[in-house]
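Pasting a structure here, questions to come.
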Amino acid sequence: MTTLARTDVPRSSAPGPLATAWSRVWRARRLVERNILVYRHQWIIIVSGAFEPVFYLLGIGLGLGAIIEPFELANGRVVAYAAFVAPALVASAAMNGAVFETIFNVFFKLNYAKTYDGVLATPMGITEIALGELLWALMRSTLYAVVMFLLMLAMGLILSPLGVLMVPAALLVAAAFAAAGLAGTSFLRTVNDFDIPLGLIVMPMFLFSGTFFPIEGVLPDWLVTIITFTPLYHGIGLIRGLSTGIVGLEQLVSLGYLVAFFGVCLWIAMRQMERKLIK
Amino acid sequence: MTTPEPPSSLVHARGLTKRYANGFTAVDGVDFDVHPGRAFGFLGPNGAGKTSTMRMIACSSPITEGTLRVIGMDPRTQAREIKARLGVVPQIDNLDTELTVRENLEMYARYFDIPRDVADERTEELLAFVQLSERAKDQVEPLSGGMKRRLTIARALINDPNLVILDEPTTGLDPQARHLLWERLYQLKRRGRTLIITTHYMDEAEQLCDHLVVMDKAKIVAEGSPRQLIDQHSTREVLELRFTDAVRSGLDGKLDGLADRVEELPDRFLLYTTDGERTLEQVHARSIPVESALVRRSSLEDVFLRLTGRSLIE
Amino acid sequence: MTVLAGSGRVWQRNFLVYRRLWHRSIAFGFLQPVLFLTAMGIGVGALMSNQDLAAFGGVPYIDWLGPGLLSAMAMQTATFESTYPIMNKIMWGRNYEAMLSTPLETRNLVIGELFWVAFRIGTLAAVFLVVLAVFGIVRSPFAVLAIPVAMLIGVAFSSCLLAFTATQRNDVGFSALFRFVINPLFLFSGTFFPLSNLPDQVAWIAWLTPLYHGVQLVRGLVLDSLSLAAAPIHLAYLLTMLSVGVFLADRNLRRRMAG
């Protein structure tokens, strides 16, 4: 500590753009470490998040599944109601886990605790912060996705070996919604504003993206068209396709949609965070 | 713009300008050089542009115009490398309120990629240095303002920085906390750290800083050591006179010629002279009834008054 | 001052704040059950054949679901009002502190907050009942009584939640409450499917829970299927829950504000 000030700092020769990008992604893990440190004693909160989709599966999946006869999907496959609902709940769990984490906690850190200001005085930049929060949300969602996968396995609701891919697919959904949450949180000004994205976007998506019933033929055509442009619909389409073993063009389209959605939201999120944190 | 920077300059600024999105110019073409091993001060009232300058040096605010080199590097292109060598104590604490005292230091070390064993050692040293070892396991929220500031200083040192920037470090602290902080900053100076301090307290500037830059309204109005500034811009002593309202209204030139300079303030007059006592005798000799008189040495406050016509503290 | 007058003051303050936000809270407190009604009622209902509907007493699923959602809405609103806003008043906003340095007592605070919850639920329930009527679900004029029953459900929950909130110092407890109490109640109290579908052991646990009784009453009133034998039991359950809740809330709040 008694070192005198040094001025012989080696000048860094500028590293290539790929190396720079990778170093930022790698450094982002520090923010995950920080969140782990904070939640170390509150892990109950994190674990308890896994119960919600489980309850929905047991409740609506089994409860209504006992009443509703197995029915035919649009592509001809016949599924039991529980096997129809379960994969959709995995997608929704990925969505809820990611969105709630980013919207609430990041909002708090951004606007009240000013936590990021301190972090930005170190080599951690906006990129690292955004990616770090994204990674953290992904970690939580992984937990929920794995729990649901194991439950589905135990209940015999996975109808195909492709079902193993459900977990990485759920992570993609989680990443997409985490990025969306990061992007959205920067537009919220006060705590009251939360109602809008949650009540007007997340909740309707949860109910009308084909989670509990197939929307084709039930909802008016114009509404179905609109819904096919929303992210959860594609998340559900992809994951349900994998668990029921029906993988075709539709699933590829959904995959592409989710990747594109993720990219766009991430771009918006970083631009917005920069605007808020760098003046 | 190719003025070669003096090789030993830790911070080199030429024509440095900061203009915000709303058009407000906070820093207007300032030049300065900060040399290692010294305590460099920015003295000026609130709104002078000190904080904006600090934020540009710390690479947290983009430069609008001019040249700035920090530890030989350009903030525009090497911000992360510069930040790795800096320690920053901001005006408003931004400690991580979700972590404990010790965890704040540990986590900060992680942000700098400091190996865990080195980080642990430094954490203990720094906690002892700022006298917070006993509070290591406490949450940050309940700490007093002075303790939070000390923790921020410890945090700013975790990466063994070349340069420590402190923006108004004692503003808002009670006198006891201020003195404790000054004492710690003194220690840092003695151990050879380069400090940049901004302040609007003249006693802080006089006591801590080897070299001062006086800022007002986005520009630098004077530069030098505290002693030099006082010698250059003020007399050795100041005679402060207070009069009753009646006497004051009838003063009318009676104080002329008594001193090098006379400054009229709302509640008193300042007579700038080499020998205050003698000037006071002369005042009495002119039969001017004085309510109270005080002879004191010139201070930076007087320097600032001279240069800008205003006081440092509003 | 009398309990009534004092409580009225508490209600008044809430109303002043609410006046500015009422659009938003009507929209959201009400939007969720309506969305659930259309999605589940119409969407899932479309998957059911006539045989399936036997499980629901022969009525269309959406009819069976509607009253269940009304009751659930009462519980959700009570939860919303009795957790964070109350903690806010105790801890951060320090409203209760200020109020208690006037002639108001904790008793007034509790009852005042209950009046407030009852008012909010009453308005939401009335609007939701209109929606149910528009969907053709209402089968009896006695359905209007569903509004006071919903209010009873609400204050019964609210009183117990107030007792809980008064003991909390951070929102960790709330997370557990929502996840392990409120959400399961929402799903398993006969809201979406009859309890007879649950295994027996689980079914009687559900019978013990408050929302179940509220759902039975409301559904019976709206669909004109109320069992006159069971109704007093359901009512008694809710009233007991309310009394116990008020007692505990008053005690806990008094201890909290004194300590």
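Labels for the chains are A, B and C, by order of writing; each one numbers its residues from 1.
Rule of thumb we're sticking to: contacts are C-beta pairs under 8 Å (C-beta built on N, C-alpha and C of every residue); 3 or more make two chains touch, one makes a residue touch a chain.
Computed from a prediction, not measured in an experiment: that's the story for all the values here.
Closest to the protein's overall CA centre, chain by chain, comes A.
Ranked by distance of CA centroids from chain A, the top chain is B.
Note on chain placement: the centre of chain B and the centre of chain C lie 59 Å apart, centres being C-alpha means. Mean C-alpha position of chain A lies 31 Å from that of chain C. With centres taken as mean Cα positions, chain B sits 47 Å from chain A. Multi-chain contact residues of chain C, defined as those touching 2 or more other chains: none present. Annotation for chain A: no residues touch two or more other chains.
Touching of two or more other chains is recorded for no residue of chain B. Within the complex, the chain B residues that touch chain A are 8, 10, 20-21, 36-37, 58, 60-62, 71-73, 77-81, 83-86, 88, 90, 92, 94-99, 103, 107-108, 110-113, 122, 125-126, 129, 155, 157, 159-160, 162-163, 191-194. Chain A contributes residues 42, 44-45, 48-49, 51-52, 55-56, 58-60, 62-64, 66-69, 71, 81, 192, 195, 199-200, 203-204, 207-208, 212-213, 215, 217-219 to its touches with chain C in the complex. Taken together, the chain A residues at the contact with chain B in this complex read 1-7, 9, 11-12, 14, 27, 30, 33-34, 37-38, 113-115, 117-125, 278-279. Put simply, chain C touches chain A in their complex at residues 21, 24, 27-28, 31-32, 35-36, 39-40, 42-44, 46-49, 52, 55, 172, 175-176, 179-180, 183-184, 187-188, 192-193, 197-198.
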